[in-house]
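What follows is a single structure, and I will ask about it in a moment.
Letters A, B, C, D and E mark the chains as written, and numbering starts fresh at 1 in each.
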Amino acid sequence: MFLKILYHLFVFLALFGSLMVVVSKKAIYSALFLILTMLTIASLFVLMNAQLAAALQVIVYAGAIMVLFLFVIMLLNLGKQAPLSRRSRPVRWLGLLFGVGIGAQIIAVIYSGFIPPAETTAAASVTIDHVARLILTDYLYPFEMISVLLLVAVIGAVVLARRHLVQGVETVTETAEKAGK
Amino acid sequence: MEYMIPGNLVVAVMIFAIGAIGIMWRRDAITIFMCIELMFNAANLGFITLAQSLGKPEGVAVFLFVITIAAAEAAVGLALFIKIFDDRENIEAEKLDLLKR
Amino acid sequence: MLIDFIKGLAVTFKHIWKKPVTFNYPEVKRPQPAFYRGRHRLQRYSNGLERCVACALCAAVCPPEAIYLEAEENDPKRPVGAGERYARLYQIHQIRCIWCGFCEEACPEDAIVMGPIFEMANYKRSDFVCNKEQMLDAPDKGFGEPIVLKVNQPL
Amino acid sequence: MSRLLIENIIFAVKIVVIFGAVLTAVPFMVLLERVLIARIQQRVGPNRVGLDFIPGLGFLKGKFIIGGILQAFIDGAKLFLKEEVRVRAVDPVLWRIAPLITLVPAIMILAIVPFGPPIGLNIFGDWYKIPLAITDLEVGILFYLAVTGVAVYGIVLAGYSSNSKYSLIGGIRSSAQMISYEIALSLSLVGVLLIAGSFSLSRLIGIQSEGVWNWNIWKQPIGAALFLIAGFAESNRLPFDLPEGESELGAGFHTEYSSMKFAMFFMAEYMNMFSYSAILTTLFLGGFYGPIPLPASVYAMIDQPIFGIVSGVGSAVIGVFWFSVKVFLLVCLFVWIRGTLPRFRYDQLMDLGWKVMLPAALVNMVVTAAVIALVAKPISAAPTPDGPALTIALLVAGVVQVVAIDRILTARKRRILGHAH
Amino acid sequence: MNGFLIVLIPALPLAAFLINGLFGRWLGRLGGWIAVACMGGSAAISIPLFIRAMWGGFTPFNVTLWRWMSNGAIDITIGFRVDQLTCLMLLYVTCVSFMVFLYSMGYMAGDPGFNRFFSFLGLFDFSMLVLVLGDSLPVVFIGWEGVGLCSYLLIGYYMDLPGAPDAGKKAFIVNRIGDFGFLVGMMMLFAALGTLDIQKIILAAEQGAAGVGPLAYGGAFVTVVTLALFLGCTGKSAQIPLFTWLPDAMAGPTPVSALIHAATMVTAGVYLVVRMSGLFVLAPATMTVIAGVAAATAFVAGSIALTQQDIKKVLAYSTVSQLGFMFLACGVGAFGAGIFHVFTHSFFKACLFLGAGSVIHAAHAQDLDHLGGLRKYMPVTAWTFCIACASIAGLPLLAGFVSKDEILWSVFASGAPGSMLLWIIAVITALMTAVYSFRAYFMTFEGTGRLSHDKQHHAHESPWTMTVPLVLLAFGAIVAGALNLPGVFGEGTWRGVNNLLEPVLEPARKVAEAHAHEMHSPSLELALMALSGVIAIAGVALAYRYTLAKWPEGARRLAKRFRLLYKISLYRWWWDDFYMKYVAGGTWGLAKLATWFDRWVIDGIMHGIAGAASLGSRFIRALQNGQAQAYVLIFLLGANIVIGLIIWFK
């Protein structure tokens, strides 16, 4: 009973948060509501006993990605945004239409029995052990590719940031290094 | 547990739809980016729900991949935004239409 | 590099066991050196007469013009000061004063000196105007004989 | 009374007791810091409001700490009673919740810290085994990482919402610093996790149970050092207190805060210090186990049920004692380092995080994994300490790494400074 | 013999590599001694292993180290296979390597890159031992690539000399071409069998011999696979057409030449063919190709060696020629004879290279025209060189005689298509072998000294670290033949290597017997043996006549009389020029053609299409307004339609 109330609270918070992401005027509020949504989704994971997923969701999304977002918002000092121009209005309303449409369609798919019914008797719980074995055996190549992707992303980010440095100031250490040489 | 499976999936779909609509409703690129993250999250919720209910670790594995991709995307995307901001003092998606030319 | 770090830690660790170098202030006060330029004092001769002759050199030399004095003729029968005149009113504005010590230098009679007192906090601005009575030494703290000036003699 | 209800009540009591104990400890940590810093700087330290205010204890006046022991409470009272000043330009909502977001994660970490071995309690004829930790999660370490990851938002939001340049710079610095050191923090723990083969804190303590030689610090010297340094960075303690940076930023992110809200930031900093010490103790310093294990017969004797109500009190007391001693010493270490090192420059901070700590953590991870694979330790189900072979191998690997890092850092320093000296 | 010791065999050279590579700067000469000790340790493990395999009870076994990667169909473990063939290979690889290490202590003394050299040597030996020990093709391939890399590093060791880096690159690139063949063969095998484990492949091959499975006898698939694998072997073992790297590789230090080109790397190809013999015999076409290529290589390289001026070049072409012999034996199905020639060859060729190195070390000259009469200065080198020459020339009863005669006999007796032609070529090559090897010996050590005065003054015997390996190797060059006396002396104990390899070669033998031709009589074998002895002696006599007795007028007249042949030999059959002009130049011309084609044909089509598209896109351009949001909108529309269709058709 208690869990059920909690569950509905989290569901409400998740939907509310995601709605506010779209509706909020200031970027920073959007970001904060996004964090709220992510945390409630993590809570939903906990309710489903997926502790690993919950922890990773918080660590990676809330702990790293969203901090980056906040960092950029603060760096760019984004305030309230102006309304869309006249030209974009049809896009906006059509987007609403199609968005609602796709949501309705997928929900229809869910209830039309595409998804296999859950095994009501305690399905074999998914532990870290299982996931680790799976990733390092069957999903080894995706795993390696993801690693390479991360590496590429890191290099890309460094390159993007680096050119900025070369044109502008150099760090104190670099200056000192040059002086040392 | 049982009430969670269709419930979570429906929630996931709704969040997904909200994210998709948000992409078209918002003006600055960074919020659009956040809406994409929202859609990622919705997908994650679906994956984990199915993984837990069917007892299949594959869902969690895919969840891990999604998270990693999101992280990579955030790093590069935000770096790009900073560069764009340096270049033209705003990051409004409407004005980023160089692809047209 | 790590050794340097450990050395630094060792230095601070040693300092933990050393005696504090600070004073437990209100109870224990740090002795001031003789040349400390604290609040002004007005000195006397050993016979109890004030040294100040109200020449106003101090007021003239004072850079922020913090000294104000009014002179008065000495009554020879009951002299207050040793000279022809004495300061009826002698005020130093301590908020204005910059503690430069020029008054001390300028005084021909060694009447004004700066003392060791440094606790001068007050609650009202008006209390910072220091009067002669606050600055004068006690009558028995005087030293030296007054030089007898001609102008002081009855003609 | 159903068993479930009683267990929940025990749970609630544990939360209250632990939370209360740690919150009470915070003022004393402030006092400890002030006294210790004073001693390092050869000052007397707080000695005004002491026990001598209590009638009959006047003779204590001016004595060492005793004289200032109430300072902690007086400080608290001052902060609570002060007038709160709110600048009109702040973003009110964010400005109000920022201190809360800072404080709550600092407290949440306590939920997974094991303070001592479990005790048994007899309630209405049933024996309950009560572990002296609020909960023992399967993913305890991940929980810890998640909570520390969230903690940054308080500071960032405080910086942003204050609508002041200094605060904003403090917030930006904080977020960059957190991102940089979070990775090293997480990676520094991987070695320990590999050794334990689990995320669970109880298991991590279990493998360190038999004496000082089983403590993880011998197996993971680099991991422990990196965790400590990253802990300094994450809790904004002195060599890394750039978000506050009094001399350049006023007070950084909390420039515009006063009174109770400032007190929350203040408390959060000390709570963080406490939690880091506690986690470090648990992961690397044997947790609540003493350096030399007592013989089993002694435990059997002191753990006997008392009045048929509680059992295991003896070992619990010993455990809490050792835990407290270790945490106390680590807090002293925090203060000691604060008293020793000057603040980093910003580029040095980034340099250290990305170019020293991250590679060192990665190398440590790989080396640890390789050593474990070579010594071929099967992951056993029961949490038992490993044989000395693994410890010695990892210790050797760790020492080699320490020397290598030292040489590399020295060479770097020489290269940066030139060969002037 | 447990797994730990087996792992130690490659691990010790690896340790030598790590120690010298990481701490060499501080260890100095001690690092070299450590490397020698490591290699000695490997040899000390290998020798008893071989003795047990040869005379004691020995069953092949596997050592599985760890699972490398496991993903769906791919399941690769890092593991070692120790069988009779491996034992034999281990024996001479480790022994010769040990000699070379020891020798290098003297030869490289005082070189600025001393420890770098030893670390490379260690890595090289590690790779070679992995190659030999690997139980599956990927592991073998690791070693295969490892020796390729190390040969690049070692050949280009004198990186400040003009030719060395280029020679290193050449070796590397030419090897890559061969490796490509190896990779292709490996992938084809994997695609067909789903495994790369050598034993499983051989098992599948045995089924193939019975006409079952993808590896059916004489099928196109098995032919292509074996040809691809053989392409790898031609690269690594310097066969036509990929042999040009080997002579250039003489730019490396001489011990490297001894190690790489005598005993280890170049024999990898032969080893692979023998290891996969069960597979190769299934493709008679491939066997014919191998035999043909090998005979051509032997002949071409032997003829080139006749006229080379550089002592190391002579030895290099001699190596290529001898490798041709080995492949010739494999090509006619006599794998045992081939591997035995590898074995004996490693001793006398290592001895020759090390002797040449000793000469270079002492005389600082390597041009035969400037050497001569060195025997009185360096008697040990001279005698060992002489013994090795006699062995390679095939003077009766020496190791080289035994193994080469075995090959000749196998070729003669195989009855394979064109075997008589092959045999004649082989005999001529054997004659040439005797001539060029003794030409090198006579011109270096006998006759009048042609050294300049100051160099002659400095000529001296080498230090003990260099002479001891020479003596040991010369000893090997004499007695190694005793391990496998010709079959005519009976099939007993002394036919050791053939008996030893019997279990390994059994699948191949079964196939061969199933398709057997007639056998020849022992008396014929004896006769041929006598013939090859005579040929060898004749070769020596020829060499004596033209390099000592009638030097230099006789040689000059000979060159003038066979002007064309002389030119062919001297200019190395214009192989390198051919490659330069037609392969490199052809590529260039092809590129020009492609440029023209690209510019006028492709671009023309492109421009046409583009024009059409730009006309057509006038209408579509309205959709492409450059706004990401509009694109997302269209994407959403598409998703709507797709899901709608799914629901509709459900």
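Operating definition for what follows: a contact is a pair of C-beta atoms (placed from the backbone, for glycine too) under 8 Å apart; a residue touches a chain by one contact, two chains touch by 3 or more.
As the structure is a prediction and not an experimental result, all values here were calculated from the model.
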Steps in the shortest chain-to-chain touch route ending at subunit E and beginning at subunit B: 1
Joint neighbours (subunit B and subunit C) are none
Taking mean CA positions as centres, which chain lies farthest from subunit D? E
Using only Cα atoms to place each chain's centre, name the chain farthest from subunit A. C
Ranking chain pairs by contacts, what comes out on top? A-B
Using Cα averages as centroids, what's the distance between subunit A and subunit D in whole Å? 29
Determine the centre-to-centre distance between subunit C and subunit E, using the mean Cα coordinates as centres, and give it in whole Å. 103
Just the number, please: Cα centre separation of subunit B and subunit D in whole Å. 34
Whole-Å gap between the CA centroids of subunit A and subunit B: 5
So which bits of subunit B are touching at least two other chains? 20, 23-24, 94
Report the complete set of touching chain pairs. A-B, A-D, A-E, B-E, C-D
Interface residues, subunit A side, partner subunit D - complex: 28, 32, 35, 39, 42, 51-52, 54-56, 58-59, 62-64, 67-68, 70-71, 74-75, 77, 127-128, 171-173, 176-177, 179-181
Write out the stretch or stretches of subunit D touching subunit A in their complex. 94, 137-139, 142-143, 145-150, 152-153, 156-157, 159-160, 168, 171-172, 175-176, 178-179, 182, 186, 199, 345, 347-348, 351, 415-419
In the complex of these two chains, what residues of subunit A are touching subunit E? 88, 91, 94-95, 98-99, 101-102, 105-106, 108-109, 112, 114, 137-138, 140-141
Once bound in the complex, which stretches of subunit C touch subunit D? 1-3, 8-9, 11-13, 15-16, 18-22, 24, 27
For a test of understanding, state which residues of subunit E touch subunit B in their complex under the given definition. 624-629, 632-633, 636
